[in-house]
């Protein structure tokens, strides 16, 4: 499957924390931590777990720019 | 200013392309390219330009996870 | 690739309209039209064109509910 | 009320599951399941329940396109 | 129509600027300017124009918090 | 830090409610209530609490327009 989302960052899962409906998944991508808030169901269906290779996928219109 | 967004990735701007209302800004973050789609006004107000240090800022609820 | 996004609706592309940076792509999914606003680059990279099979992909946190 | 969001898909609610703050609501739209992640408060205020007619509302900039 | 989006801010349109596909619409809400980036089609369909009463509608999961 | 997000509305926090992973934070901005759904971690890191001055920050592409 090819996806229109411009940002598909390869990394490794370092934390999966499930709440009642919403889970937080943390990836390490080139030494940077990225946090994703997704459904518990997605965690189960993709069998996401620590140490697994995965991608953080982000649509360009969801990225802001900041400067110091 | 401190921001609730969980993902604030430091990098350098490598491309700024403006359309009629919407601009695409590309950052290099640790060797990875990240594309942001923002307003032309934001580009002007922050004076975004090639070679400038900047952050890609992404809310956790806008990050998806993919696996191979 | 498997994706955490809960909504992956199979359909057929019926319109691709590019602006200067942002394109509008329209899919027919089970008789319903769905409009996506994506980058021109994504249109080019995925070679999106009328008549092509494709999926509309939407993260659950981007779906609202309305009632009459 | 008329809304700028391009995607307003009529369906029927088939599941409402509340967490501590966030609820998942599932609609059947023309035989396709659509999942929405919304606040518990919205569920209460709109009195969302199984069997109810409702719309899934999605802004065009939140729709991605994928191809096989 | 009742909508699950938690933020529906009543105001008045003070600017409508169309690009090739994407328009910027500015509302004044209680003395504060709010900018929306929507499709040209939505502008046409809702006949948005200066001086018109309108609402800015924002899903709670799209709101961040910042502190000084 | 300067941010590309077009909407940065100054107000005061009037409610912080944490779930297992996701928190709801409510601000009063010029007499209008704004609800944000953010991570518990952000609440902790920014030490968000009732009575505190804060900003609601919203990207223009996440704002819709509605008319009566």
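Chains here go by letter, A, B, C, D, E and F, matching the order in which they are written, and residues are numbered from 1 within each.
In this section, a residue touches a chain if its C-beta (ideal position, glycine included) is under 8 Å from a C-beta of that chain, and two chains touch if they have at least 3 such contacts.
In this text, all values refer to a predicted model and were calculated from it rather than measured experimentally.
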item: Smallest count of steps, each to a touching chain, taking chain D to chain F; value: 1
item: If a chain touches chain A and chain F alike, it appears here; value: B, D
item: Fraction-based call for chain E against chain D, same above half, different below; value: same
item: Most distant chain from chain F by Cα centroid; value: C
item: Pair from D-E, C-D or A-F with over half of its contact pairs in common with D-F; value: A-F
item: Contact-richer chain pair (by C-beta pairs counted) among C-D and A-C; value: C-D
item: For chain B placed onto chain C, the superposition rotation in degrees, Cα atoms, nearest 5; value: 120
item: Length of the line joining the C-alpha centres of chain E and chain F, rounded to whole Å; value: 17
item: Centre-of-Cα separation between chain F and chain B, whole angstrom; value: 21
item: Inter-centroid spacing, chain E versus chain C (mean Cα positions, whole Å); value: 22
item: Set of chain D residues in contact with two or more other chains; value: 1-6, 19-20, 22, 24, 35-39, 41-42, 46, 48, 55, 57, 59-62, 64-68
item: Pairs of chains in contact (touch as defined earlier), listed by label; value: A-B, A-C, A-D, A-F, B-C, B-E, B-F, C-D, C-E, D-E, D-F, E-F
item: Complex contacts: residues of chain B adjacent to chain A; value: 3, 5-9, 13, 24-25, 27, 29-32, 34-38, 42, 46, 48, 52-68
item: Residues of chain E touching chain D in the complex; value: 1-6, 36-39, 41-43, 45-46, 48, 55, 57, 59-61
item: Chain C - residues contacting chain E, complex; value: 17-20, 22-24, 35, 37, 61-62, 64-68
item: Touch list for chain A against partner chain D, complex; value: 1-5, 19-22, 39, 41, 59, 61
